[in-house]
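The same chain A turns up in both complexes below, where it pairs with chain B and then with chain C.
Up next is the complex of A and B:
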C-alpha cells in the first residue's frame, strides 16, 4: 500500500511558537518606529508652530504627502527606490524608515495642537518670571500641552501598531504574514485568524480604553 | 549614484487603465462610506438607547473594527469566511471589509455627536409641541451633522487609502492594477510613483470638494 502524500498538515502546538515570534516582530517594529517617529514628530510639530508661513510652505506639504498616499504604496515605493540611490535595505529597515516617517507626519499635527493648547498668557507669565525660552517649553508647554494631546497620541501610536501589518507586503514576517503562511499550510483560516486578531485586540483595546478614561478624568 | 534608467513610457501607455482602476477605487470607497454611514448611525443609536444583546453586538462590532488592523479585517472576510464555505469575490471582500471598518469608526463619531446635543433641547422642542420625530430631524440631526461633518470627510479619505489593501486580496483597483502592470513590466518604481500621485490627487480633490460643500452647507 502506498503512503498518501499530503501537502497540508494540521495546526500543531509548535505553530503557536511561530505565531508568537511573529507577534514579537510586530511589537518590535512598532515600538521602534513609534518611538523614533514620535521624537521626530514633536520636532516637526515645533517647527510647524514656530515656523509660521515658512514652515507652512515647506515642511507642512511634505508631511502632508505621507498622510495622503496609502502606506502600502509608500512601502513598495521606498523599498524599490532605495536600491536606485545605492542603499541596500532589507524589508525590516525599509519598513522602519517608512513607518517612522509616517508616524512623524501624524505626530507633527498632534504636537502642534499640543503647543497651541497652552494659553499664550501662561507662556508669557512663565517668561516674565525669568524662565528662558527652553525652560518655558520644557516646564510649561510640555506638561500642559502634552497632557492635552496625550489621548490623541495614543490613538496615533495604536494606529501605527495596526498599520505595521502592511510591512508584510515587503516580505517581513510579522504577525499577519505569519498567519497567512500558516493558513496556506494548515488550511485552517478561521482558527489562525482568530488567534492573530485576538493578539492585536488584546494589545490595542486595553490601551485605548485607558487613554479614553484618562481623557475623561483630565477633562474634569 | 543614479545607475538606473527610468522608463516612463510603459507607465504612460497604461495610464488610461490606471485611471479606470482609480474610478473603481473611488466607487468602492464611496459605496463603503454610504453603507458605513447608515450602519454606523444604527450602531451609535443602539449603543446610546438600548440594552441587552443588541447593544452588546453593536459594541463588539465597534471595538473589533477599531482595535484590529484593517488588513486583518479584509483577510477575515477573505479567508475567514471561506472556512464556512462562503467565498466572496475580491470586490465584495474589499467592500465588506471597508464597510465594517468605516461603520465602526463612524459609530464612535456619531455617538460623540449625539452626546454633544444636550437632552434639554429635545425636551424644550417637545414642550413647544414638536413630535419626537420632528425634534430629532429638525433639532438634533442638523447639529449632529455639523459636528460629524469633518470626521466623515476624514473617514472618506481613509476609505480611499484603505482600499489600496485590495492589492493583497487580489482586487484590481488602483493599487492592484498597478501591481499587475508593475510585475508584468518590472518598472515597479515608476508605476508606483505614478499611482502615489494619483492617490494624492484623489485625496486633495475629496478634501477640496468637502471644504467647498462646507462653505455652502454651513453658511449660518
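Up next is the complex of A and C:
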C-alpha cells in the first residue's frame, strides 16, 4: 500500500524566520509610504491652508476621495487599472503608491491643523524680526505646529502601518500574507495569527514609546 | 528718521487711519496714546509693513516701506517691534529665541549669534535665564525676552505696541524699566501705550489719537498739562 502523502506539516522554527522576513517587508513598505506620504501631506496641508477657496475646489475633493474610499478598494482598482494606462507596477510598487497617497490625504489635514495651531501674532513677531515667509514657515511654524499635531501624526503613521496588511490582497508577501501561507500549510491559525499580531505589536510599540518620550521632552 | 505722509489705512470699509502726518527724528521717544480702536497699533503695523496702506507713505531712512521693490525683510531689521502678546518661541530656550533671527536672517555664525543673544539677554536683566524655556518665565520676563530678541537685530528704531497691556499689574514695572533704560541709551522709540506715567516721564513728545486722526502732538507737559483738543481733555480726564 502506498504511504499517505502529507500536504500539511506542523509549525517549524524556520517558519518564524519566514514571518520575521515578512515583518521586515511590512516595515519597509510602511516606512517608505509613511515617509513620502508625510512629505506630500505636509505640502498638501500647506496648499489647503494657503490656497483658500482655490484649494477647496481642487486639492480638497481629491484628498477627500482617497480618505473616504476603503483602502482595499483603492489597492485593487489601482493594481488592475494602472496597466491600462501603461503603468505595469508590481504589487510592492502599487502598494507603495496607494499607501503613500492614502497617507498624504490623512496627513494633509493634520498638517493644516498644525499650521492653524500657530498664533498669527507669533508669525507676525517672526516676520517683524526680518524673517522671510519661508524662514517663518521653516523655523517657527514647522516646529511649533509640528509639535502640536505630532500625536495625531503618530496615530496616522501607526494606522497606515497596520493598514499595509491590505497590500497582501495584491500578492505582496508581507506579514499578513505570510501568515496566510503558513496557516494553509500548518492548519494552525490560532498560533500563527497570534505570532503575526505579536510582530505587528513589536513594530508599533517602540514607535509609540518613542513618540511618548519625545512629547514628554517637549512638554518641559 | 521715520516720515509718515498723509497715511490712510482701511480695513474693508472701515477707515482706520485718516491722513496721518508725522516725523520721528533719530533719538526721539514718541508715545502714542488714545482710546482702543483709535488706530494707534495699526500705525505701528503700517510703519514696519505688516499691514499694507491704501494711500500716503511711510519712509524710513529714505526707503519707502510700501513701495514695490522695497526689500521689506531687510528694512524690518531696522525696525524692532515688541507686541502686546510677547510671542516667545516656545520650542526654543531664551538664548535660542534671541539667537535665531541673527543667525538665519543676518547669516551670523552660530557662535556669533549666541554671543549677541547672551549679551542682549544680560542687557534686559535675563543673564541668569539663558538656557530656560519660555514656559518657565513670567510674563514680564517673556516680554523682556521679546525686547532682547528685537534688539539682537541691532535695529535703529523700536516700536512698542502696548507692551505692558497683557501683563499682570505687578509685572508692568520691570518691562517699563527696561523701556526706560533703552530710552536713556538713546534708542529711537515709538511706544503705543496706556501707561500715562511712562508717556509723561520718558517721552520727548506725546501724540494723541482719536478715531484715526492724530488730534494733538507735543511735549508731555503740553499734552498732559494744557491739552488743546476737547477729545484729549476728555480722554485724560477718564484715565486719571
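Details
Please note the rule applied: the second predicted complex is superposed on the first by the 204 of 220 C-alpha atoms of A that agree within 3 Å, B and C clash if a C-alpha of one lies under 4 Å from a C-alpha of the other, contacts with A are read in each partner's own complex, and residues count from 1 in each chain.
The rule is simple: contacts are C-beta pairs under 8 Å (C-beta built on N, C-alpha and C of every residue); 3 or more make two chains touch, one makes a residue touch a chain.
This is a predicted model, so every value here is computed, not measured.
With the two structures aligned on chain A, chain B fits next to chain C without clashing. By the document's definition of touching, of the two partners only chain B reaches A:163; chain C does not. When both complexes are overlaid on chain A, the residue A:176 reaches chain B alone and has no touch with chain C.
Legend: residue contacts after superposition of the two complexes on their common chain; A:131 is shown touching chain C, with no touch to chain B. Look at A:201: by the touch rule set out above, it reaches chain B but stays clear of chain C. When the two structures are aligned on the shared chain, A:72 is found in touch with chain B, with no touch to chain C. Of the two partner chains placed by the overlay, only chain B lies in contact with A:193; chain C stays clear of it.
More residues of chain A lie in touch with B than with the remaining chain of the pair chain B and chain C. After the superposition on chain A, the angle chain B-chain A-chain C between C-alpha centres rounds to 100°, nearest 10. When the shared chain is aligned, chain B comes close enough to touch A:81, but chain C does not. In the superposition on chain A, A:120 contacts neither chain B nor chain C. Least inter-chain distance for chain B and chain C in the combined superposition, rounded to the nearest angstrom, is 24, based on C-alpha atoms. Chain A residues in contact with chain B (one complex) as well as with chain C (other complex) do not exist.
Residue ranges on chain B touching chain A, taken from their complex, read 1-4, 63-64, 66-72, 75-76, 79-80, 82-84, 157, 161-162, 164-165, 167-168, 175, 178, 188-189, 192-193, 195-196, 199-200, 203-204. Those residues of chain C that touch chain A in the complex are listed here as 48, 50, 73-74, 76-77, 79-81, 83, 85, 87, 89-91, 100-101, 104-106, 133, 135, 146, 149-150, 153.
Residues of chain A touching chain C in their complex: 119, 121-122, 124-132, 135, 139-140, 143-144, 147, 218, 220. Interface residues of chain A, counted against chain B in their complex, comprise 65, 68-74, 76-77, 80-81, 83-86, 158, 162-163, 165-166, 168-169, 176, 179-180, 183, 188-190, 193-194, 196-197, 200-201, 204-205, 208.
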